[in-house]
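Before anything else, here is the set of structures, which you'll find just below.
Paired with chain B in one complex and with chain C in the other, chain A is shared by the two complexes that follow.
The block that comes next holds the complex of A and B.
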């Protein structure tokens, strides 16, 4: 149903991508700086439009709206660019739009070296992120993910902080391994289903009538679980994450930790759970133990021990992925829905934390929290924003994260009482390290070096250029926190009646 | 006067059917004639004549793209759509090689026109090679290719490393030809033995041999012959355990010749292998299957592991080429599962051609007076000095590494899908490991070009990066880099062609 009228989802991919191409072809710098706003705003506006009109939009099978498809010459392989959104992909599409806008705004004012290349890479990444969540075709879903992933490596390698070369290399090897395993799993679904198509709707229709055998499901789900797991920093395959985020420039870290990393979880919820329910059941106990003990408790304790602010945020993001894995392991609609909400909430809050960490670094010239202290009187707005981000990250009510963690704990309780208790200790841990960071950075006695710094060049509070992207994220967190139904209705509709629900109830 | 038998013979020889090969040969001769008749000052234009002539042939070939199956020359040759694709492939390769040579040969004190002449002859012979359906024809075409390459490999003969490479290639090439010939002889002999069912005197014809093998699917002598033929081909494509010549020869040969070896010669070997496996040795799947499977796994692992520690980029690209041979073998091992795997082989070859020439182009521009010593450290800071060359290199290497959305990714995807359908799960695991290992050295190269700011680029290399190569080569490189991106996202008619639609 390709037609000539403007397809908003395609626009969200094409606008940043074509701007990036224009930059590569030599667009002059003053134009770049102006057009970059549009390059990041168009996807965000498209996402808001999709959010607004999703409820009334006409739905096709599996609750997809805004469908459109384009041939790329691979119809013989069953591959084609097919865009659309359902209740699961819509929240993530919105997340990608909003975080992308914030990261873009932050990058434009960051004054990085080789600004044009930096923005071009961010725009490619943004195009990949929008395309990833809008793709109904599994092959393009993967392709868009890689399109967003490669710029991350380059950005870490060129604009990264300390150990950037090593960090970029580690990230590349880990994430390539993860991507390759998940690609193999996706190919396995394609080859075994007999649908001769990478179109997720066709795959699900075919597999609904003739599901895969239990052994096949187990194997394929295992491939996907570990492939996606590496990409989402499932313990013990997480070590790339703090290293990479610690070195990454802030906008790249925001987009990767906030949005790109959700690829794996999204793949599990959108593709693996509905198609491979028996496989999910088989792996659920192992996954739950890994996530609860490894990601939540062990990494939680490691996070508490961090002195470096950015590393701490990186580790905390690994830890929170544990909750998401627990929601997937729980295998119920409630759990899976919680995962989707948590992805949105966590994406917004971790992006905000990375943004604010860099703003803090700009003022105190260090990431070492022992060298900070007493910043709040000098930068009250920054302090307030950081406090908000920390509260959101801990999962206090009123923020989007809360509506993710709460259903996950409920779902987990009916799955395993013991693991719920283990996982709940995590909320205490995250409160400890979150609030301690706030105390160390903003309150208490200023360190000697910071006092010296204040004497020579007192740090200003954050201005509008940094405040605006932060406020975009805060607004989204609070809006979803106060009105979760704006997303959860669609999630419920998309998940209800899934095979996963049936398996969990039997 | 009437010679009915001659006329009959002539009727089976439709010379127009091989016009691309004939015109390449004529063009090659024309170059030599021009060198003798033109005044010295005008001889500089001869490489341009070669390139323009080839472009002309390419244009006519594409305009009359003939997708019919036609047996010609009494069964010596077979025209087919895949043969047409490969004709274009070899012509495009030889055009790129000519462009590289035009930029790199001047100043090395070697005759130039003869180089272009031999490249054209080799290209024509490769075209015949992939269309041949008779072992005599196959061997003659193969030897024409190989003898041409003997000369080209040791072309800059004042360099001791080049001489060494030439000698190694000569010895290894002769050995592989001997193996191949011995295998052919065994097959011919056993197919004619009177005691066996389906014996034939036409065993040099692929059709005749195929029928004989079908009637005797477990003959030991035939099996030995098949293994020898496969070994001979494994030399050509640089597959394990016949890959030892690759790093030395790739390093010593002039860069344009390395490109010719890496792309066209390897592709020719693969197409012959594909034809033999699908059309002739089909009854010996029990033997060919395991042999190919073993070779694919060992080739992928060897190529990638050996490339890890290379600092000379020509050795690195050679060993990474070995691993690519392994990936293509993976697809060849899966052809039992239908035409998609065959399409995957062709698509992989095309993606490999584009990406390789992009990288070889950058190497040609940066190479100094001694072509054989190009180290990874020479690339430090390249992207800062010349963002254009850095971008081309990143596109080429990224595509070779199989990073989406570049063409190499689509190629690997098709190969993996084919292997999955054929049920080669173990091989896929090896292939995935290979891809992850390969990321390390490809990324190391890109890292040297982009991220490394410790060792500054040397002034001579910086000078070459800014101005070297000439306009034609630079435009070609831009087109190649663009092609890796476009072909990764939109395969268009090529995708339909390889997916059999």
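The block that comes next holds the complex of A and C.
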């Protein structure tokens, strides 16, 4: 590949990263605030460009477009920076770009203390996220993930809310552990495959001609499943999520819950399912039971019991990850396709919910939903946006999430009838906690404390600085909701012909 | 314009209106109402043009595909869809026009009209859908618009609660509906209505019964049948035009329409269950209606009861009878609701019938229109309800004597509670201050009443309908010979007994005669009405919420951590209670955790 021409995917990583470096090197604050817009806009625009041109772009190899590779000096280990997008990584690359833009815009107007450092960390995170989904090389996929993960811990620890040090520590322990286990799994694939390369294409080619033995697959998939599972809050390894998100500053929560968390699911769909089909088959039943009973039903009920708005959003996110795991357990093109759609839909809606939770907090000065009420007449636009986010998140058609949930339910039926029935109860459970939250925050009479607050400092409705990032997310949710083919065609092509399909037709 | 383009216009005009209002007209209520009414007019015109023009077609487009799973969005316009579309268009336009007057002083008119347009979009989507996926999508969307409009006055906690309840109860029904669609897809390999119509010989006998019953669950929720009827009376918290359009004429009838759409999947065993659910709902809701004091709640229970008739008619095997009653009911129930809206506006939002009275002289047009509606629903001969109810009674007489008996009894009750309402609201003297000064509203309030009254009066003559609807209306059963005489005699007797009893029994003195003279009966009916809500409230508060609290507690004390660490070492569990783990022992903690995960993994992998 030519290294001379401008490589858009590399630009999406380099732009935010170089801006972060410039900030650390002492870029004046007035420049920082202006350039930050560009730092978040460039990846988003790149992502939209890639989305727009992907259908017609030449698929150079293995269904990947926009391929480029750079020598890293680690060729001896089979590690090279290889960037490209296929039908599975494209939707997530788009997700990362859009959520990153929204989180960036929200951060710029947030008035956080030590703003320069805050933005620098977010930009590093954004660079990591873009790189993570653009990497064809498994080692770089992992490294970019770490690059995005470490700023998260720091942001929770410094800018976090209540219990931030405890939350930061718990998050660090769980997520570091999850990352370690998944790294072990990825290294095991590298070692056992004999491809002497971390290049996913090389790994796939090698393993297609000489697949790993069933026992090896079983163990490696197990490592990946538990590693990724912790990172994606598979029950019962989820405790870090509501705690961490409850404490995290909003932009960090948006980027982590919306995008970074998808690392594990993406790893399972893009790497583990195709090259370890027998391993996936071995673990599928256990995984499906944990996800359906644990994530969907148990955590769904736990979500109902929450009084803290942000924790409720955190728990609801854990619950929705259950659907994603069910799609993976189903092991078919339909299930995996649903998982990719759900990752995008969930990422957009959960980011919007975290954003709006913070906007609500600014107006009512609490996250305790029992202390709220009657906000809708005072902030009708905020109410409308929160309603949209809630209905998107509970799977209303017309929003992206629906196109994730629907295929997953259909795929699940051919995997397990009983678990389909269990998982479907989630549609009722999520309606209960979602609409309860809307009613508690926005409808009815204001609480006594909120009435007092309104007397002294009446809360304004949200202005453009908060509305714009929210509308970016809403636009993406609605566009995908109305025109799912814009993503599903590419996903379907990428999944078709994979060994995963063999599992479905066993 | 081709029929396909017209269908697209009918579907997308209200969506465009909703988008326009949401994005640009939030603070321009006059313009918002104009846009919304214009969209409704387009829907009505397009619907009638499609229906009467005789265009019948099916067309679809792929929306999403994974492997062999394909979701298509498409139209199937046949006589059934044409009839339903016409009803939605005509009643929808009436309600939009009525809203111009009814909601004139509302502070959130733009939001209201945006909601109405979203509803029109969703409802036409259900009607036009050519497959169950698409029907489900729009089914959920009407649920959302219903939630949105019931909760229009969301500063009232009761309205917000009613909206929430409506959506959640419907989701319970949709749980079954979606499961039914999943089963239908995997059993038949398709969810296209046309393809299902061509396919025969279902693979699994068990599923052939289960599929229609699961799909029926969706109708139980949407059409408020037992045991999911509880949301509809509460939904009266919404503005009255919304009650007329969504919670009487169209959306709640979508359940019946959906059943007619999937008629090809029906098997006798499932149909019998459906017939009985409808019959019992009809009786139960009629009993509830007798004790209501709120004018809209009487009509709400009456709606549930009439939907029961339609569901029973479908269960007894006649799409024609079900759709015929759906059509006439849409006319006279929309008329009754809009009439009650006219009364409510005139009485400054008084809804208690015992505080009304004497409105006959003060609001003559509303009185006469309402009277036509009451006569139609009560089954006065030669009005629309008489013919459609007769068709259902004749059908029951031929097929199931027990159902016939219950439905005939329900008809007595129908005449009874409707005449009670009519007498108490309109006759006698005014019983409260605002009622004394009540007067007729403007033309936007009265003109829809006149149109709907005309339709309610003549809507039963099938000869008046264009031939375009023959595919449905020619299937309306007609009794002949002795059955004809028996059914006719029953209808007339039922009317005379029910109406006569109500007129003789109730007085216009501001008290409920039943409560005064037969308190035991009144008490029984009241508790019968409340029993479902009590049971559900008990479940929500005592079972569901407690389970949630217990699970939350377990989760908080670190179920996850405890399980994982418990495998590694009891000592760590003992120390977990304190949050003193922050300092010093971090590496230790990670170590135990790692050990636990590895052991759990080894155990699960079968190594241990």
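For the reader, a short list of remarks on this structure follows.
Assume the second predicted complex is superposed on the first by the 505 of 506 C-alpha atoms of A that agree within 3 Å, B and C clash if a C-alpha of one lies under 4 Å from a C-alpha of the other, contacts with A are read in each partner's own complex, and residues count from 1 in each chain.
One rule holds in what follows: a contact is a pair of C-beta atoms (placed from the backbone, for glycine too) under 8 Å apart; a residue touches a chain by one contact, two chains touch by 3 or more.
Everything quoted here is computed from the prediction, not taken from an experiment.
Once the two complexes are overlaid on the shared chain, A:376 sits against chain C while remaining clear of chain B. When the two complexes are overlaid on their common chain A, residue A:237 makes contact with chain C while staying clear of chain B.
Once the two complexes are laid over each other on the shared chain, residue contacts for A:492 go to chain C alone; chain B is not touched.
Shared-chain residue A:181: touches chain B and chain C both.
In the superposition on chain A, contact is made by A:169 with both chain B and chain C. Of the two partner chains placed by the overlay, neither chain B nor chain C lies in contact with A:418.
When the two complexes are overlaid on their common chain A, residue A:38 makes contact with neither chain B nor chain C. Of the two partner chains placed around the shared chain by superposition, chain C is the only one that A:226 touches, whereas chain B remains out of contact. Comparing chain B with chain C, more residues of chain A are touched by C. Residues common to the contacts of chain A with chain B and with chain C across the two structures: 165, 169, 173, 176-177, 180-181.
Against chain A, the residues of chain B that register as touching in their complex are 340, 391, 398, 403-405, 409, 413-414, 416-417, 420-421, 428, 432, 435-436, 439-440, 443-444, 447, 450-452, 489-496, 498-501.
For chain A in complex with chain C, the residues that touch the partner chain are 165-166, 169, 173, 176-177, 180-181, 218-219, 222-223, 226, 230, 235-239, 283, 286, 298-299, 301-302, 304-306, 332-334, 337-338, 374, 376-377, 380, 384, 391, 396-398, 402-403, 406-407, 409-411, 413-414, 420-421, 424-425, 427-428, 431-432, 435-436, 438-439, 442-445, 484-485, 488-489, 491-492, 495-496, 501, 504. Remark: chain C residues 22, 26, 62-67, 69, 71, 108, 111, 133, 136-138, 140-141, 144, 147, 151, 154-157, 159-161, 163-164, 167-168, 171-172, 174-175, 178-179, 182-183, 185-186, 544-545, 547-549, 551-552, 555, 558-561, 563-564, 579, 581-582, 586, 589-590, 593-594, 597, 600-601, 604-605 touch chain A in the complex. Of all residues in chain A, only 24, 72-77, 139, 142-143, 146-147, 150, 153-154, 157-158, 164-165, 168-169, 172-173, 176-177, 180-181, 183-184, 187-188, 190-191 touch chain B in the complex they form.
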